[in-house]
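I'd like to ask you about the structure that follows.
Residue numbering begins at 1 within each chain, and the chains themselves are lettered A, B, C and D in the order written.
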């Protein structure tokens, strides 16, 4: 992307740069009016974008087909508007029907979709012996199977971690800690990459590095 | 009658939809029109329901201004920017079907929303640094294991790790491709069970917390 | 099993077995009261309130950004968090400790208010509850600023950070550390668990959050289904163990069966 | 309090300043550490090149990330878009974020040379914003036109030549989903698990830990993890770009963080000993 030349674009670029500094004045200094201004600007702009984007989506999916003769589309339109009864205490119960539609669909699709990848495929991969990789591959095969059994045992919620269960559940928690540690390490890469993008933008606007 | 309409009918309605979604999957190889209709309606209702959060936020911000609460000026600025963005966006939408066809909306979208959106979320990069420094401490065996796994994965992700010592990448790769698998796979399995438990209770009409004001 | 779509037979069987076992413990064996195992984070709540009483400082509760109650992933976490809030509020009412709730969830406000009012009522102090103890701040960043500002002003002795947290877990957890608060965390969002483990003294991981909610509410259906889940987990562990041994011996019958 | 135990309580802002400056230095004087390719990334690249993709195949590219995650996801999406276009595949762009149009404009910028001889409606289409979570992705598998009656620009799908006869999961050769949220998981549960659709995740590093077991179990045919995956893909396609440039800053910042963690732990040990 080249450095903008049109006046409005250059102004826009520098406004974005200043807004960035206003936001980062919070961690780099402390919570202050500049941060709060930029933050409220973001909420106001995002709110408008949210309303318009969803409005146009409802028009595309529901209202336009309704006006083109698809009478059934009146049902989701009415159901959708029923959700706003949440704002009127004595009619709050009316909103339970659209919520019921959302919850019912979410759980139905969730249940039917979660079993194969999260249970079947996961177990098949865990119990399938390595076909190459020598001793280390077999050690890893043992590690994952034992680790998985102990970690699941940790999440037995109606059996006290005592007696026979004490050792495997304790080991299970350690396997979980290793998982969370690796997760933490990967999260650092994600967060720092986003911040790197901002550091790059900082220098680009100052023309210290190319856009 | 109205009590049934407020409770039992709702739970039955939710349960039936859950069951229909499940039956379609197991008893028909291809999606069915009646299930398509339910899903399409759910998407539209979900779209419309997003307006609820927006209205609540607007009500709160307007109250701040009306009652001159502390920092009400920020709310006034938020509302005025919101109105400008909304009017110009709808002007563009009703003119061409695309809100970004309006010059003011497009300019605000590119030069106010984008930099702020690209700046606010990465603020977590700062906080993860101090969280790692302050909290990532080997207080006990659990924390020590988390610390070790985290550091080796970091040294594997950053190219400098391998440049310093190839062992960092080897050990880091072990944690990435083997070490974390039991823990992470357990969360997927336990999450699947949790979803089935909640779904089953909702299906039986025994899970009522989802509805406004609960039971 | 020709009526079940090919490739989905085992998925169907797995669902039916899970539901049947849960139903058995929810409905048929209802007389037996199931107990949730000791959850250190739950046992630490009286200690957290006692600490606040000693230091003369408030207790703070927040469910995190979570999502709407009807969100199938975040809704259940908010509901479990509100059950825990009831228990914490009762302990606070008993000890005469102030409790403040800051939350960004508009649709859960009635439930939170109702829960806290009931908790004070149960302790015979209905007049001690003030709706202003519940502060609603929408949107993630204002919510964060509000919480951090509250920490600076009130310096709560104990923080209860339980629910569907997003990246605010890092910020609030670390800020709570900085003011020396005792922190009890809990979430089912995997992406925030490392930060809670790092910044909190006690943590409810994944399903432990729902188990804590059930242990407090003593909802028989919830307890029954959790008991049912445990039983199916035992079956699962048996399959993994047997499958592993057979797999090591080159016998793939279980893996093949699971793929049907 | 001894100097060493003070290490455990350095004001966070000190680190924040050092971090932000440290992130900039490599942009001014690049270092360029070598980058090895991970197996999951290679599987992704090989799954969208050579005989894995046929001329005229229709693929979905889901922009499941917003402007804030551009540095993390966009380099990988750029490489994968180039690779698919060069194999003659047709691409449906879509996404669940309000700013998906900005990401669509950006892909035109970062893949400019490959877009030159591509025609909208024949080689690629932009369906735009989608919401509704798992229901929307499940319905997309069943009937694209019920979710998208028209494309982002208001053109009915029936008027776009590449969309003729394309309306269900069966008509889609493969899905590439790049997510900060859950839409990639929705494609897994409602497309890959349900119909065996070919699916890969171009994920953020944070989700790498949950995505890796799924790649190992075969739910994803390939997986790119964060900007590191982007740098590896840039090497595989032979055109270094933004992700490779960012790797030096990643290296510096990661070293800084590990140094701070060590500092914090030393401070803690000293504090324990002295108390």
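Note that a contact is a pair of C-beta atoms (placed from the backbone, for glycine too) under 8 Å apart; a residue touches a chain by one contact, two chains touch by 3 or more.
Treat the numbers as computed from the prediction; the structure is a model and nothing was measured.
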Exercise. What pair of chains is linked by the most C-beta contacts?
Worked result: A-B
Exercise. Quick one: chain B and chain D, Cα centre-to-centre, how many Å?
Worked result: 17
Problem set entry | Distance from the mean Cα position of chain B to that of chain A, given in whole angstrom | 4
Problem set entry | Cα-centroid distance, chain A relative to chain D, in whole angstrom | 13
For this session: Report, in whole Å, the distance between the mean C-alpha point of chain C and the mean C-alpha point of chain D.
Result: 31
Seminar exercise, completed: Contacts with two or more other chains occur in chain A at residues 24, 26-28, 36, 39-40, 42-43, 46, 49-50, 53-54, 57, 61, 86, 92, 99, 102-103, 105-107, 109-112, 114-117, 119, 122, 124, 126, 148, 152, 155, 176-177, 179-184, 186-189, 191-192, 194-195, 197
Problem set entry | Contacts with 2+ other chains: residues of chain B | 22, 25-26, 39-40, 42-43, 46-47, 49-50, 52, 56-57, 97, 109-110, 113-114, 117-122, 124-128, 130, 132, 134, 136, 142-143, 146-147, 150-151, 154, 157-158, 176, 180-181, 184-185, 187-191, 195-196, 198-200, 210-213
Problem set entry | Contacts with 2+ other chains: residues of chain C | 8, 11, 15, 69-70, 72-73, 75, 107, 110, 139, 141, 174, 178, 190-191, 194-195, 197-198, 206-207, 226, 229, 233, 236
For this session: Report the topology of the inter-chain touch graph, choosing from line, ring, star, complete and other.
Result: complete
For this session: Show which residues of chain A lie in contact with chain D when the two form their complex.
Result: 1, 24, 27-29, 46, 49-50, 53-54, 57, 60-61, 64-65, 105-106, 109-110, 112-114, 116-117, 121-122, 124-125, 179, 182-183, 186-197, 199-200, 202-203, 208-209
Problem set entry | chain C residues touching chain A - in the complex, by the definition given at the top | 8, 10-11, 14-15, 34-38, 69-72, 75, 107, 110, 139, 141-142, 145, 148-149, 190-191, 193-195, 197-198, 205-208, 211, 223, 226-227, 229-230, 233-234, 236-237, 239-241, 243-244, 246-248, 250, 252, 254-255, 258-259
Seminar exercise, completed: The chain C residues in contact with chain B across the complex are 3-6, 8, 11-12, 15, 18-19, 22-23, 26, 68-70, 72-73, 75-76, 79, 82, 106-107, 110-111, 114, 136, 138-139, 141, 167, 170-171, 173-174, 177-178, 188, 190, 194-195, 197-199, 206-207, 210, 221-222, 225-226, 228-229, 232-233, 236
For this session: Would you mind writing out the residues of chain D in touch with chain B in their complex?
Result: 10, 12, 15-16, 19-20, 33-36, 38-39, 66-70, 99, 101-102, 131-133, 135-136, 138-139, 141-143, 146-147, 152-154, 168, 194, 205, 208-210, 212-214, 216, 226, 228, 231, 247-248, 250-258, 260-261, 263-265, 268
Problem set entry | Residue numbers on chain A that touch chain B, as the complex places them | 8, 11-13, 15-17, 19-20, 23-24, 26-28, 36-58, 61-62, 72-73, 75-77, 79-81, 83-84, 86-87, 92-93, 95-112, 114-115, 117-119, 122, 126, 140, 143-144, 146-148, 150-152, 154-155, 172-189, 191-192, 194-195, 197-198, 201
